[in-house]
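So, here's a batch of structures to check.
Common to both upcoming complexes is chain A, partnered first by chain B, then by chain C.
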Partner chain A sequence: MRHVFSVRIGPVGFRVGSDWRAPVAALRTLYAGYPTPDDGIADYNVRLSATRPWRRFIRPSVAIAGDYMLPDAAPLPLAHGLLAAEMAMNLQLALGERRFLLLHAATVERGGEAIVLTGESGAGKSTLAALLAARGWRLMGDEFALVDPETGLVHAFPRLVSLKNAAIAVVRAALPAARFGPLMAGTPKGDIRHLVPDDTAVAAMQVPARAVRLVFPRFGFAAERRTVGAGEAFVRLTQASTNYVALGERGFAAMTRFVRETPAMALDYPDADAAIAAIEAEG
Partner chain B sequence: MSARLLCRLLAAPGEARALDAAQWNAVIAIARAELLIGTLAFRLRGLPLPAPVEAILAAAILSAEEGRRQALWEAVMARRALAALDCPVILLKGTAFVAAGLDAGQGRHIGDLDILVPADMLARAEAALLDAGWEWVKSDPYDDAYYRRWMHELPPLIHRERDRMIDVHHTILPPTARSTPDPAKLIADAVPLADGVAMLSPEDVVIHAAIHLFADGDLSGGLRNLWDIDRLVREFAARDADYPARLVSRAAEHQASRAVARALRLAAALFDTPIPPQPAEPLFDAAARRRLLARDGWGRGTRPATRLAFYVRSHWLRMPPAMLARHLWIKMWRRSRHAG
Partner chain C sequence: MAATRYRAPVAEGLCVAPLDDLVAIYHRASGLTHIVVAPVPELLAAMAGEWRSIEALAAAFGLADDEHAALIERLDELVAAGLVEAR
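Now for the complex of A and B:
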């Protein structure tokens, strides 16, 4: 492909090819401090190509493709090319990953102990992870926690943190010195702006951690905490994992071990400060 | 770049030592696109490889093993659902290879479950499967009627809980196709496996693969089918030196001599399959090779004109011209209506 960018995020190497310069230039800037894949060999290939040959020039439209694809993935306008790249990279893991059990979760770590925050879109995973990073926690990722079935440890996947809508201003205020990507307005998920993980997060991204707390946050409710039993955590995590079924017995063993060893709580919160205080009190 | 390097690695794994990073990236992308990554992983197992390649292939082996287990379980589910029919469930394609423990099943990607039942059992098989939790995939009345009238299989069914498809065949080519294999012979000579399932005889299994490749489809996924043929022919010939001769005479009984000759020649060209001399068709072979290898270093399909030509050819083979015209007209008319 015309423009190529290779990067390693945590244990995962990507090779991104693009018909256009812009998405690759944006990735190059934002992932400047990241290494390249080990030995130059990527785990996954991502392709950003025109939906039709002429759509490279006229109303350019980016099709999301790669080693693993969804047949009905909607293309994005070139102005949202960076989002397309991030979505395509996530999709490779979501559909193709078989080494790690994937949990759709944000993870932060302090003193070797990790807190895993899981929930549906809008629960506040990315926002809380960014705010905790502002308070000195190591950001391990805002999208996927990678659980190693052999060790039970969580591996980091600190890609760009995807902030949406009102969260953008909240995190900008908390992290005035941080680097951010361009504001992409009016995407299918609303306004999106990416936060670049800090140097600590990138420097330590090869270091896994033991999960000590699993949190199910829910934004927009009166403050409430509730202990979640291993059975409920198991069921909710199977729904929050894209590859639990594909891993078969290994997935079941990794998941049951994870919920047995990691105490879980449901956390309803009316605003970010309340959530941060509750999480830090537990962690 | 083309899929040629992937073929070399499959046929001669030792050549993997010479690959650089760019070649590995390309081969991995192409192997995934052709659904041959699990097969490649088994072929290269035990060789000294770069650490990232080893990790990727180790994951591919785990994935293939899980796929194999799920495919075999699906075969058990179908056999139980069809137990009342009192006829053997003949497994086809990938599920048969893994059920029989054949080399062709090593690391193979398995999608749907394909089975063969006698044509006079079709209605009962359908009722039994619907009763056991399978449902229709296609709701379109034209497609449904088309399948029932003109195809060699029922419209695809999907299981509502396990989300797995089953294709129930009553023969191995549409009745409208140019040649007519004999389903009674396929069924009579099927080989029983454990647990009340069976597979086609060693000759018929290769004939089926060859027909699927060169008398039916448009060669998409063809590299995988051709690799099956290479593995099957090698394994059966190693067991019994008369196998190649029997394959050729059996192919004639199913009106499949040409498809089998083509499959053997192309397997020999791409995978060094040892085969007896076959009639030559240099133009066809060159075109088929171009089509089978049409991938770039990112796994994307290349050579659109060759692809289109084989696509058109697949329809041409499948039905007589007047019927083809009517079929394409209805398909086009429907598409334009859906788009509008």
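Now for the complex of A and C:
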């Protein structure tokens, strides 16, 4: 491909190839402080290709491809090329990862202890992770928690934090000195802007942590906290894992161990301040 | 025709993990995970690797005659889930 960019995020190496310069240039700028894959060998390849050869020039739109593909993934306009790249990188990990059990979750760490926040899109994972980072927590990731089946430890995957709609202004106010990517308006997920994880998050991204608390946040409800039993946590986490089935018995063992060792709570919250206070009280 | 008999996998065929009020069971033969509650784990243990009749299972759990229908329902659910064989 014409334009190529390689990066290591946590333990995972990516190589992104693109028909266009712009998405790769954006990745290079935003991931400037990140290392390259170990020994120069990427775990996953991502391709951003023109949907038709002439579409590289006329109404350019980006098709996502790579080692692992969803056949019905819709192409995105080139203006959203950075989003396409991020989505494609996530997809490779979600479908291809076999070393770690993947949880769709944000993770923050302080003093070697990690809090894992999991929930569906819109639950507030990314926003809460960014706001906790603003309060001195280490951002380990806003999208995937990587659980090592051998040790039970959570490994970091501090990719760019994907902020949507109202969360963009909230996080900019909390982190005025942070670096952000370009605003991408009107994507299929609404307005999106990426936050670059801070130097601490990048410098420590090889350092795993023990999860001491699992939280199921839900935004837009009256404040309420409820203890979640290991059985319910197991059911919810298997639904929140993209590779649980693929890992077979290793996944079962890792998941049962994780829910037994990690106390869980459901947290409904009306605004971010209430959630942060509740999480810090638990952590 | 002989009465239906049921058989569960041998103990090594399942990985059973009690999680508070639920029990997660990994079925090694199929790679499927099942989430169950009592008395399913006890039922599976009572016929692990052995063909058992309704009467034998009912006796093992001290069930009355009018409770056999409920036991058959549970067993049929386990057959449908692939955790128990019937013949």
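One rule holds for everything that comes next: the second predicted complex is superposed on the first by the 283 of 283 C-alpha atoms of A that agree within 3 Å, B and C clash if a C-alpha of one lies under 4 Å from a C-alpha of the other, contacts with A are read in each partner's own complex, and residues count from 1 in each chain.
As a working rule, contacts are C-beta pairs under 8 Å (C-beta built on N, C-alpha and C of every residue); 3 or more make two chains touch, one makes a residue touch a chain.
From a predicted model like this one, the values you see are computed outputs, not experimental measurements.
*Asks:* Clash or fit: what happens to chain B and chain C when chain A is overlaid?
*Replies:* Superposition check on chain A shows chain B and chain C fit without a clash.
*Asks:* Where does A:M1 make contact in the superposed view: on chain B (first), on chain C (second), on both, or on neither?
*Replies:* Once the two structures are laid over each other on A, A:M1 reaches chain B alone.
*Asks:* Where does A:T36 make contact in the superposed view: on chain B (first), on chain C (second), on both, or on neither?
*Replies:* neither
*Asks:* Rounding to a multiple of 10°, what is the angle at chain A's Cα centre between the Cα centres of chain B and chain C in the superposition?
*Replies:* If I round to tens, I get 60 degrees.
*Asks:* What's your read, chain B or chain C touching more residues of chain A?
*Replies:* B
*Asks:* Quick check for you: in the superposed arrangement, does A:R260 touch first (chain B), second (chain C), both or neither?
*Replies:* It touches chain C, and chain B stays clear.
*Asks:* For A:E232 in the superposed arrangement: first (chain B), second (chain C), both or neither?
*Replies:* In the superposed model, A:E232 contacts chain C only, not chain B.
*Asks:* Just checking: does A:F252 make contact with chain B only, chain C only, both, or neither of them? Give me first, second, both or neither.
*Replies:* second
*Asks:* After the superposition, what is the least C-alpha distance between chain B and chain C in whole angstrom?
*Replies:* 5
*Asks:* So chain A touches chain B in one structure and chain C in the other; where do those two contact lists coincide?
*Replies:* 248.
*Asks:* Can you tell me which positions in chain A touch chain B when the two form their complex?
*Replies:* Those residues of chain A that touch chain B are 1, 13, 15, 17, 37-43, 45, 47, 49, 67-68, 96-99, 246-248, 250.
*Asks:* Any idea which chain A residues touch chain C in the complex?
*Replies:* Touching chain C from chain A are residues 229-235, 238, 244-245, 248-249, 252-253, 256, 259-260.
*Asks:* Could you list, by residue number, the parts of chain B that touch chain A in their complex?
*Replies:* Interface residues on the chain B side: 21-22, 24-25, 28-29, 32-33, 50-53, 55-56, 58-60, 62-63, 66, 69-70, 298-300.
*Asks:* What part of chain C is in contact with chain A in the complex they form?
*Replies:* 15, 17, 19-24, 26, 28, 31, 33, 35
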